[in-house]
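Structure provided below as structure tokens; questions to follow.
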Amino acid sequence: MMTGEQYKASLADGRRTYFQGRVVDDLAAEPRFTRAVEWVAETYDRFFDPSPQARSPLFEVPRSSDDLSTRVPLLRETDIIAQTTFQSLLALLTAAPAVGQADTSYVDRIKAYYEDVVTEDRRLVECITDAKGNRTLAPSQQADPDAYVHVVKRTSEGLVLRGAKLHITGASFAHDLVIMPTKQMKQGEEDYAVACAVPLAAAGVHVVNTTYSPPPGQEADYPFSSRENMPDGFVILDDVFVPHERVFLDGEVQYSANFAHSLGLWERLGGTAFMADEADILVGLAQLVAEANGLASVPHIREKINGMIIYATIIRAGLEAALLNVGRTPDGMVYPSELYTNTAKFYGAANYDHIVRDLHDIAGGAVVTAPSHSDLDHEVLGPWLRKYLSTGPDVPGEERARIMHAIRDFTADTFGGWRSVTNIQSGGGLYAQQMVSRKHYDLKRAKQMARRAAGLDAEE
Amino acid sequence: MMTGEQYKASLADGRRTYFQGRVVDDLAAEPRFTRAVEWVAETYDRFFDPSPQARSPLFEVPRSSDDLSTRVPLLRETDIIAQTTFQSLLALLTAAPAVGQADTSYVDRIKAYYEDVVTEDRRLVECITDAKGNRTLAPSQQADPDAYVHVVKRTSEGLVLRGAKLHITGASFAHDLVIMPTKQMKQGEEDYAVACAVPLAAAGVHVVNTTYSPPPGQEADYPFSSRENMPDGFVILDDVFVPHERVFLDGEVQYSANFAHSLGLWERLGGTAFMADEADILVGLAQLVAEANGLASVPHIREKINGMIIYATIIRAGLEAALLNVGRTPDGMVYPSELYTNTAKFYGAANYDHIVRDLHDIAGGAVVTAPSHSDLDHEVLGPWLRKYLSTGPDVPGEERARIMHAIRDFTADTFGGWRSVTNIQSGGGLYAQQMVSRKHYDLKRAKQMARRAAGLDAEE
Amino acid sequence: MMTGEQYKASLADGRRTYFQGRVVDDLAAEPRFTRAVEWVAETYDRFFDPSPQARSPLFEVPRSSDDLSTRVPLLRETDIIAQTTFQSLLALLTAAPAVGQADTSYVDRIKAYYEDVVTEDRRLVECITDAKGNRTLAPSQQADPDAYVHVVKRTSEGLVLRGAKLHITGASFAHDLVIMPTKQMKQGEEDYAVACAVPLAAAGVHVVNTTYSPPPGQEADYPFSSRENMPDGFVILDDVFVPHERVFLDGEVQYSANFAHSLGLWERLGGTAFMADEADILVGLAQLVAEANGLASVPHIREKINGMIIYATIIRAGLEAALLNVGRTPDGMVYPSELYTNTAKFYGAANYDHIVRDLHDIAGGAVVTAPSHSDLDHEVLGPWLRKYLSTGPDVPGEERARIMHAIRDFTADTFGGWRSVTNIQSGGGLYAQQMVSRKHYDLKRAKQMARRAAGLDAEE
Amino acid sequence: MMTGEQYKASLADGRRTYFQGRVVDDLAAEPRFTRAVEWVAETYDRFFDPSPQARSPLFEVPRSSDDLSTRVPLLRETDIIAQTTFQSLLALLTAAPAVGQADTSYVDRIKAYYEDVVTEDRRLVECITDAKGNRTLAPSQQADPDAYVHVVKRTSEGLVLRGAKLHITGASFAHDLVIMPTKQMKQGEEDYAVACAVPLAAAGVHVVNTTYSPPPGQEADYPFSSRENMPDGFVILDDVFVPHERVFLDGEVQYSANFAHSLGLWERLGGTAFMADEADILVGLAQLVAEANGLASVPHIREKINGMIIYATIIRAGLEAALLNVGRTPDGMVYPSELYTNTAKFYGAANYDHIVRDLHDIAGGAVVTAPSHSDLDHEVLGPWLRKYLSTGPDVPGEERARIMHAIRDFTADTFGGWRSVTNIQSGGGLYAQQMVSRKHYDLKRAKQMARRAAGLDAEE
């Protein structure tokens, strides 16, 4: 296993990563990336075990509902790319039985890769979304053949890939890209039916970063995003070579969607678990600010908080139902209920905006106008600001300002905007999430129930 | 145990029950009550076991999460007053430990009553809601002291009660009224803090019925309500004597709300289980009518059905979470999670109207204008109506008319209106349901999560 | 002009109309139709003017925004088929300029028909919706060619029609059916591109009725639907002859949708005006029942009523904006804004269910369990029911029961169900209503505004 | 009148203003304030007329519905503090008749002040919200008497004020603060019942700024907020002297709320007009991004845009109804309908979040992950990014990136967060906005309509 320091050292592997039009040679030294590196390192240190055979408990294969139910909150305490590592590994293992029907060597490679990753304690990011070009045309019909990642050359040693993968959270901070087809490929699109693992340091990989990390020097005004932030990567694959042993699918179009479906499940499980905690935090912030404003007993504010409690509890109920109604692969790995996972994810994403609206309504305009810490620390201004921000002896002005900063950072500033978009988009947009629920809902049974209840069919 | 016939015979016990300004001497002979009597009798017959020691499996005390999870769907297959019997008995048993602190004889009487009811296979209805008079005044401050049921006299043998209980579904069709205080009583309201069981046949009990059962002769146009209907009773207690052994609380105001809270939980569990099935039926009806209209693949219709699926699945997830996170009384009886039960109940009730709107939007105006069965059976009209109601060789006109009738009956006629009101009101109205969720949500923990996440408190 | 008595006499013209599988020879004598006949007659009497040249002010062509703004509330005070007469006439006149391009004699016939109707004071119903058969196939591709009304024969005197028209409110109570194509017809569907007027008494016309009028004898429990009800007709055209002078389109497929679009506008204007008043009535009922329950000052109830006020005011604002932003035909007839009319109609229909939910939540279970008038009139029961339904000296029990009956009748019984369906379906279902708004919204301008605001284009 | 240059020079008047813990001596030189100064100057230049008697057309008193209807869009084209100047002046004039009942000299002072402001072409900001301390206590009961702005001394020349005013948009960029009581004061709170105008340069005035202007150097990535931004001020009044001629209320508590009510109306009118345009821009952005993504014809995306069109049209209808149903003061000034203004404002604010959610759902994750302009300009990255961001020959990658930047800036970054909070809070939060609608809705008439419709009262 790796320590945090070993992780940091591992990043100096020649990867080509960019920010704001500049090459970033040392990730930890780029002010707006420093914290992301540190965050990943903290997870390494927390789970480090010096014994040579040690393996991270984060990535063990779940074998029971209980196992899964304890893993999910454990992962919630780690950095984002520990979570994407888990999701990527489990997605590969979940898809393995299917792709093994095309070629059993894919299964062997996936298992070997899993062993290598866990043994070497590497971090992975999941690379699904292609550039896509014209959305109404198939990959093979695009004006630009590179609109979807594809094989441009095959050699005796492996494949050469070209294309781009977008919205890859943490790409610059992981060791490997786990590349999967973004959708079902068709006959004639064999070159697009490719899944594999590619090191960040591989020649031809370039990552352009964007981030919601706060402006350097103003971290105190951004209590959430200064502690937990992870840049997104726009990954360019400029004729990247991949050796055979890291190729998990090459040309068998009929299995091309299995990876995406498997990943979708694990990604949405992570999203649902995140949303369940996020919802509790939103409830907590609402109650904190209502109390700080001295308005916690005002009926319409109580009722808004009650509505937020319902929201948080529904997501939690969906998560529980998903973790208790597990499925099981032939070799004993368990996975959560598709139906409940997707439904809870959809519900959380579709109603998130409304919950934030209520939080803003409860909190008031100070969410966006509370003076900064540097103002609060100013010799002349500080006492005045504290005086006027206080709502009574129990509520110091600075505490109230900090609650407002927290709400702004979490819901009404760069990080808040990033979250409102990614809550909806992770798992494929609201429409796709709803469709997955439909796919796993027993519509036939519902029709039978309706026919019997309506007297169209006799009762059994 | 009783057979259906024995049940029917048992109703001829002198009870005073009214309908449309008339006394009803023979319930089964009143055309709009006939089916309700039959429905209750069917449950008797279904579970009848001739052995002398036999007891209905419906009313056994649940001892495990599994036990509860199998009981709930079993009860869903019975008539309404089998369900209210279950809820009443469980509510008494759930409240027993608390009221036992006032007087252990209450516990003994509750247990004895439970045994008697189960042994004699009697049916009970739960009587909570009082007339209430002026809602802003306490029971003891009312202009009319009878606005809440209260003790008007105490004798050496028992109590004499006066007042009214409203919205008592099935009152005229049960054997006993289980009377409980509708809310917390205060010092000085001892006469209002009374819980007991009263036979329908007791002198002074009068029940005025209302019903959504269909007009006699038109049953075919009302496929739901012609099969499952149960009149509501407005129960008047005109100085009714109750012997001590049937009194479960008399004057200990501090325990007066325990019955209502206990009943609320079991009632809302029943409501949630009902809504979960109802939601599946609504999905099924939507898909049936979309197919019958030939529009099942139209995008906006598919999307509306997807939304209905999400609704149905959220209620189901809440029910599952409630049945899996059970609580346990000292003597080993299990009860569902208050938090999840209430949240699912609230969500189902609060969004029901919207689901029905989508069903109506999908189905079209024929929901309310489809000709009746007597028109379809008319020699001249029938062939025309069948021809013009058909949407193709696979969809006979009569089948489509029947689907429309089913949707009208279920959602857009007398029974539909009754359900839209009672979905909201059972369990106390939307506000009360939300408040119970809040009460059982861990708000303190949410505030701690928020404080830590916002950096206001250090992580542990 | 006609008096009410003359109107009643005019119905004895040999029309073939049916109810519950029976022929109805005398409409006024059918208990569940009596009130509908009376209602139409009342409008006749109210506007009757004995002078020979008199014409109803209801049907004059509106020439200004003010004119239209006073007409709309005037029509709101009449019976439904006075309103459909207005809508049918205005739809024909609005479509006339377009169909005149095909053949100017259509314009002459429309104008002549308008004069005849107004002079003879006849009543019309609008017949749009066909049986439609398989919705995914065009009229000419149906297995049954009669799925859409079409010409089956042309003679030197006129046309012969076959087919059915559905959801025709008041069909049996009018003098003429105004028949229009339900949608745009295509090349090869000339026989389906037919618009004309047909007397109810014409040979081959059959109408099957459905109604939400209350059960005879229980009118007192149905305060709304006992006063204003109008049966819907399922109209069968069994080879009906139409003379040329009543044919307004025959075969010119390119103009086939003009009638439906014109009618849609006037129909939705009527729907919006109705919804605006209906919304005020719902607000009023909510406030009445909140006061009767003694709960008008409870915060969550006040807030629900506030939400209802917002709903009512938005519809009213849309109606005002529609009536003030009128369009004008070449010959000076004004018509309301398509954009605002449709938007208000859509908003009102899409949110109606939610407003009713809040009304039910405010009112309580007594909406469906309040005893009937015959119970209240019962010698023994009456005093008890009045006592227990009263909420204080200012609120007699009977008054409170009547408010509950009104809410039930208006929103939670047969009439309420009919309204919840027709609110959505009149004007073509929610999807169609939204599409019409889109069609009339200036999307190009919105894109320009967005491009400029986003700095993509320079400001002008 | 002033030119833009004269305006800029006028800011060097010794005002004490702060940002990020630093004093800002030259507003235009502070990088994150430069644009705000320029924006205000542009309005000055646009309306400048060198003739000595010239007055800005922006601030003339509206005398007719037409006048008001043309003024509103004109103001929409100006900077924010031109708008607050208009709102402040109109609020004073609207309140004048009422406060004139206390002392006619207040009316004279308001009119003189209006003349001075218009003649000198000054800019004003409206100062309503106090620090408020404990919200459950009245101003006079606060632990800190300065929680509400109040008179601490009266001299023969004027008053001395102490306290703070919060959320004052543009405070540092205007000439005068127009100070008004935030709510109705009561007997004993005479010192808090004070309205007046105070120059920014007055001794004792301090303003702490916060801003959503973009990071300097990255303006290209923030197309909205780089062009239109205005810092908010936290205004501290540290014993500020106000001469009598600028005092518009001093101690007459019964008139203390008139200013806030008058300002509220004009402020919400401005808010509604802003939202109407904003909604069109959101529709436009949605359509632009749907087209850029090649998905404009996908049904669920079309339907979301249709929903946004309904939203935009309802706000516009409300604005039109407000401008057409004007009220009129005794001296002929017109003001918009309170009912429609508030209702449209409430509706826009309450549903804004949902519209943004749909925009994000339509746009996709690139809203937050689109690379920056500096990346697009990078020699190596630029061509790759353009290639992979393009969705076809008609959609250059850079154009699509710019649309994504625009959406992020407008809705999912610092400016977007500021807007989502201020949309709700301007006009006092959702609850207050709804209450104002209720106050101006004719609830008595609604009850009468309901009683008549329900047959409780006879028709007139």
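A, B, C and D label the chains in the order they appear, each numbered from 1.
Keep this in mind: a residue touches a chain if its C-beta (ideal position, glycine included) is under 8 Å from a C-beta of that chain, and two chains touch if they have at least 3 such contacts.
Values in this document were obtained by computation on a predicted structure and should not be read as measured data.
> Please flag the chain sitting at the greatest distance from chain C, going by CA centroids.
Of all chains, A has its centre farthest from that of chain C.
> Check A-D against A-C and say which one is joined by more contacting C-beta pairs.
A-D
> Using mean CA coordinates as chain centres, what's the chain A-chain C distance in Å?
It comes to 51 Å between the two C-alpha centres.
> Go ahead and note the Å separation of the Cα centroids belonging to chain A and chain D.
Centre separation, chain A to chain D: 37 Å.
> Find every residue in chain A that makes contact with two or more other chains and list them.
If we look for residues of chain A contacting two or more partner chains, we find 300, 303, 431.
> Considering the complex alone, what residue numbers of chain D touch chain A?
Touching chain A from chain D are residues 18, 20-22, 129, 131-136, 143-144, 146-147, 163-164, 166-167, 206, 208, 210, 212, 215, 218, 232, 234, 236, 238, 293-295, 297, 300, 350, 352-354, 356-357, 360-361, 363-372, 374-375, 377-378, 380-381, 384-385, 387-393, 408, 411-414, 416-418, 420-422, 424-425, 429-431.
> Show me the residue ranges of chain D that touch chain B in the complex, using the header's touch definition.
Contacts found on chain D: 299-300, 303.
> Using the touch definition up top, name the residues of chain B that touch chain A in the complex.
The touching residues are 223-224, 227, 277, 280-285, 287-288, 302-303, 305-307, 309-310, 312-314, 316-318, 320-322, 324-325, 339-340, 343-344, 346-347, 399, 402-403, 405-406, 410, 431, 434-435, 437-438, 441, 443, 445-451, 453-456.
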